[in-house]
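By written order: A, B, C, D and E. Residues from 1 in each chain.
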Amino acid sequence: MPVIAAYLYRDGRRVREVDIGERVDCPTDRSEFVWIGLSDPCAEDVMALQALYKLHPLAVEDSLKDGQLPKVDIYGDQLFLIARTAQLDDGVIAYGQTAVFLGHSHIITVRQGSTRSHLPLRKHLEESPDLLGQGTDYVLHAVLDFIVDGYIPLVESLEEEVSAMEQHTLDAFLGRTEIARIFTLRRQLTRFGHILIPMEEVARKLAQTNHPCIDAEARHYFGDVLDHVRRVETMNTGLREVLTSVFEFSNLMEQQRTGAITRQLAAWAAILAVPTALAGIYGMNFEHMPELHSVYGYPAVMSIIAVICLTLYRRFRKTGWL
Amino acid sequence: MPVIAAYLYRDGRRVREVDIGERVDCPTDRSEFVWIGLSDPCAEDVMALQALYKLHPLAVEDSLKDGQLPKVDIYGDQLFLIARTAQLDDGVIAYGQTAVFLGHSHIITVRQGSTRSHLPLRKHLEESPDLLGQGTDYVLHAVLDFIVDGYIPLVESLEEEVSAMEQHTLDAFLGRTEIARIFTLRRQLTRFGHILIPMEEVARKLAQTNHPCIDAEARHYFGDVLDHVRRVETMNTGLREVLTSVFEFSNLMEQQRTGAITRQLAAWAAILAVPTALAGIYGMNFEHMPELHSVYGYPAVMSIIAVICLTLYRRFRKTGWL
Amino acid sequence: MPVIAAYLYRDGRRVREVDIGERVDCPTDRSEFVWIGLSDPCAEDVMALQALYKLHPLAVEDSLKDGQLPKVDIYGDQLFLIARTAQLDDGVIAYGQTAVFLGHSHIITVRQGSTRSHLPLRKHLEESPDLLGQGTDYVLHAVLDFIVDGYIPLVESLEEEVSAMEQHTLDAFLGRTEIARIFTLRRQLTRFGHILIPMEEVARKLAQTNHPCIDAEARHYFGDVLDHVRRVETMNTGLREVLTSVFEFSNLMEQQRTGAITRQLAAWAAILAVPTALAGIYGMNFEHMPELHSVYGYPAVMSIIAVICLTLYRRFRKTGWL
Amino acid sequence: MPVIAAYLYRDGRRVREVDIGERVDCPTDRSEFVWIGLSDPCAEDVMALQALYKLHPLAVEDSLKDGQLPKVDIYGDQLFLIARTAQLDDGVIAYGQTAVFLGHSHIITVRQGSTRSHLPLRKHLEESPDLLGQGTDYVLHAVLDFIVDGYIPLVESLEEEVSAMEQHTLDAFLGRTEIARIFTLRRQLTRFGHILIPMEEVARKLAQTNHPCIDAEARHYFGDVLDHVRRVETMNTGLREVLTSVFEFSNLMEQQRTGAITRQLAAWAAILAVPTALAGIYGMNFEHMPELHSVYGYPAVMSIIAVICLTLYRRFRKTGWL
Amino acid sequence: MPVIAAYLYRDGRRVREVDIGERVDCPTDRSEFVWIGLSDPCAEDVMALQALYKLHPLAVEDSLKDGQLPKVDIYGDQLFLIARTAQLDDGVIAYGQTAVFLGHSHIITVRQGSTRSHLPLRKHLEESPDLLGQGTDYVLHAVLDFIVDGYIPLVESLEEEVSAMEQHTLDAFLGRTEIARIFTLRRQLTRFGHILIPMEEVARKLAQTNHPCIDAEARHYFGDVLDHVRRVETMNTGLREVLTSVFEFSNLMEQQRTGAITRQLAAWAAILAVPTALAGIYGMNFEHMPELHSVYGYPAVMSIIAVICLTLYRRFRKTGWL
């Protein structure tokens, strides 16, 4: 079902449904506009709209192909923009694309691969004719706001996981699975950052551009979207830095642990080498070894071994090796 | 108690208290203004002010929600800005938010989560009617200066801790708790840096923007705030670099120590292997081992062992392994 | 065969072949243009064109020497640009160069070291006289688009290899050959990045420059090329980051493995030192060792050894060393 | 002694001493100016000047407090600037501050914590009335030049130490003290860099700003100061990079050494395990061990041991482990 | 011999030699100019030229002191610039300096520490009066081109060495000398980069500046120099990145090797501990050890030892430790 919804609005109120092949002549006083929502449409659908609404062929092409980077293009008195949607799916960020064609009397959204429908958003806007009456630029703001709001649970969920990971690192040594998860997480955050930077640019352009489709008042609203993207971006950067720190910390801890064990190993090896070497000597089968015949030989050697071992043990304790 | 204080000022002197629901008509010659201070207010309070002072709904929304990044927004002849407060709380930086609505005849501050009251500041300003008489831009400067001054004990306290940590690293090996603290500290500094950079931008904008709410003379005062933020930022960056260096240094030292112990271990293993191997051989039970029957066998073997061990010991000392 | 093709076009349709030494006078209404394609030409060929089309000697020099960085130069009412081609050749990126001389009525392309012929592209354009009729700027766009499209299979193929490498790292330890391949791959990606950044600049300049050779409409097309370069650049940067992560992860895993083995080694050394030391003692040949004569001596010592070894073993298991 | 010197100059020649509380009316033709030098003055002294020369209170405040970052502030037709002085003190960089108030007919310098007096500089300038007659901007240049010239012996001394350290690293392994020194040195260079970057900005601003206090000709002189700061900054950055390289190199060398010793240790352990194991076996007290009774048993076992050990030794030599 | 050559040129042809103390009045139609080349001159020589050609004293000072960073200074209708020369000398980059004073009718070059004479360049230009007739800006271009061309063999030679090093790293383990060379090489490349960045800026400024000394046509030629510097800079950056990669790769390989040896060592220690421990037990001198008296005791123990050792050996092979 590629066409999700297509209605004509007058003064912020829904007037009637519109066919996507239908020519709608809105008055030039901007009191009316058409809002069409498509989801994974086939090329023909969008081609039909292209002729009716004078969409630029390059924009149509981009809207049909997922994987574009966020951007704003100006085509005369129309705007075209690409935004990327993101949601968490089993701990992995799944991306989608929303393309928007914006004119004075039309706004067409084309979603690709995104599973969050715009219908609740449309319903919510239709309940406030005052806002919807502000025109297509206000609808564009609402769509962008909707997309960026979708980033927030995602980044908050990742933040929780990163914090748990961080706490865990402080409490215990990380295993292979945990390190692999950190590695995967950091990758996701880096990729997300590659989306957020051009998204920020899109919001900034809309908040600053002087274009007939965007009223002065609407720019404040795009400024608000920009604030949200910046906040998500700051959180995202912060999480990436935490993971890098966790990596470094884990590294240093592991190295320290190996160092401590090497010292212990060395200490015990030294202590145990004493009875082994001495016993080896008195285990030799020379006929002429006077000590062997003495009654005090055995206890003497045992005492010597005990004294040396104890002295070594104490020294190692003192230097912190044991 | 959301409303902390609300007064009307004329020529820098307090005239009377003002009710937050009350319309106050100040003359256009800028001789009077209202200064209202709220702390963690409920939405209704701010909504009431919104209508009276024509605050922008987006600004009101931001003022009510903690966690915004510092920014300056221009709404016609009014300004809206967000600053972040920071104080040290048990070695952890606790953040708050102060939003300011600025007009010719009103300045409204909305604090969220910050525990430093503006009352002493207000009292201090009321004692200098000359300064307060300069208008709302001067009050804005005083509020920002107050917030940024709050950063200084924080960063100085962290500096002390970092210096102690640095000295400790040079004197001894770091334990797990200390490394974990370095790790936590660096995180805090990084996060603080994420606040300082937009705070610097806020101060720079105010020092450079040509806006009717900001007099030319007031810009010098915002330039002074900018100086303070820059200094804090330089200190913060410096501390982060020190901690990174401490990490690296500690790493290299630990590696060097493990290397030294590995060499010692190897040296002692070599030395002790000599009596063990030789004694093992003369501990064999072959009937036909001529040395065993010689009177000189035992002392000879013992001498050989001693000579080899001593030679090895000397060599290892010379190469610095022992 | 340096001259690949040279034709005169009128209103988007091929009129006749053109000799590279021939002067062609196109009308000033831009309805006609000459498109000449050369591949690894000798200096004389290009020199001949230089005089006929008033090419700048510096541009001619650059077009003849491979290894230039991408750039756009403006020579009066002509443009000169360098693009770099890239294709994967046995896992290694092979670079070539395409120089383009652009005027109102001529476009001359000079390929160096590139193996992808422009003939299919020319054929494709000749099938759409509408597009070809838009002039030399449209042909320039088509050539750049063709070059940038050549990057995509390359980067996708590298992405596949990098992903396989990444998965492999998570599953197993990397061997020397694999690490060497990661090292080589990262080198290639870095070098490719050194090409992509100036290519992005070339596309941006063409999309923004106000030059008589580039129509306003054509700029949208260069904007589209810019989008493609940016996407490739983002992918390329992402792949480089993955490889850096793989390096770090592999490093940490290797270190952890060595740590685990050191612990195992230490544990077994401790356990086996017990029978060795005790047996050594009872292997001494002292005449007066009362335990040796007791019937219970042997089983007692064996039991002591067993108990100590077992206790040690259990402890090591508990602390995770074994 | 806060007031170091205060004189009136006419046409580049000293006229008479001036009291800091005295009002001096210079003609508007710029032929006269007052040059006052203070060092660690008390607030009252500067306050007196503030009224007489219309200094801005914010500038006065900054001049009295050490630890400001370098900057240039424009207050109407006056300039205020902060520079930082640096000198080496027992291998540690000690910082001071010089604040300068500049007007058409006055230049006031306020030093804080700097031990290099401006008196020789003043004397030197008084000997060239031609230069001094160029006005207060030329004096400002001379003061900045004097401060920046103070950086050069500092950075050259550090360069010598860094080069010695670098050579030492190539020749031998670094000890703990040396690594600690590198660590401390790098910290100093980083901090110095934090001063140099705003100092560069100060010089650049003065070389480019169009301000009535700075003649066009004087800007060339500030450009010369800028050259010096840039050169110091490039040297400083270079030294920091060398120390980072020394760290990395030392790290890699230490790791390689530990690797080599681990291999040696492993090789000798393997070689010595042979006689130990074999001798152990023939040291067993079984009654029925035919070899023990053979005349050739002992020499045979000894030969086997010798052959195995020698073979192992040769193999280890060949693979480079020994 | 500080004065290398000094001639008057008219319409691109050499007219006569010029004395450096001689005043030459060229017509204002730019048909004549003087080209003077000095090498390591004494101050007096340049001072003489300063008066005759109205050179700025700051520029003269810079030209006399080696070690300046590349820059372009504008002194009214004259230009002054500093370039740095570089050549490889026993594997080390040796730097020199060329200062150029440029006016309508004069170009004076002052070389410091550079060993490449400009005489062949002058001879080459004198053979093309067409080019030389373009004026002093063309000569300036030729001098810069000559300097930048000198970078190319240098960077190519370093590239060869880096490639050999890289290949070597892939094939074998690096020794101390090789790592020290990498370390030294990287230092050289970093320092060279510190020269190339301001050289790029110099070329860019000349290619873009609107100055009476530089004709519009000449700017294309400086653009060509810019291309060369950029190419050298890209190569230089690439080489530095390769060396950093080689460092990292070598590090990881060394760590992996140590890991592999630790595993081998552990495996052999485990295998050899078996006969040692068992033989130790049967070497005890207890009177009541029934196994010792059995005929099957010896072969049984030997078989047990063999079986355990073999099993261990097989297991270790399977897990890849041996």
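Definition applied: contacts are C-beta pairs under 8 Å (C-beta built on N, C-alpha and C of every residue); 3 or more make two chains touch, one makes a residue touch a chain.
Listed by chain with UniProt protein names: A, B, C, D, E = Magnesium transporter.
Quick caveat, the model's predicted, so the values are computed rather than measured.
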{"item": "Where chain C and chain D are represented by their mean Cα positions, the distance between them in whole Å", "value": "39"}
{"item": "Chain C-chain E separation of Cα centroids, rounded to whole Å", "value": "24"}
{"item": "In chain D, residues with contacts to at least two other chains", "value": "255, 258, 262, 265, 269, 276, 280, 283-285, 289"}
{"item": "Chain contact graph, described as a line, ring, star, complete graph or other shape", "value": "ring"}
{"item": "Going round from chain B, first to chain D: chain order", "value": "B, D, E, C, A"}
{"item": "Residues of chain D defined as touching chain B within the complex", "value": "56, 58, 61-62, 67-69, 71, 73, 75, 176, 179-180, 183-184, 186-187, 190-191, 194, 247, 250-251, 254-255, 257-258, 261-262, 264-265, 268-269, 272, 275-276, 279-280, 282-285, 289, 291-295, 297-298, 301-302, 305"}
{"item": "Of all residues in chain D, those that touch chain E in their complex", "value": "170, 220-221, 223-224, 227, 230-231, 234, 237-238, 241-242, 245, 248-249, 252-253, 255-256, 258-259, 262-263, 265-266, 269-270, 273, 276-277, 280-281, 283-289"}
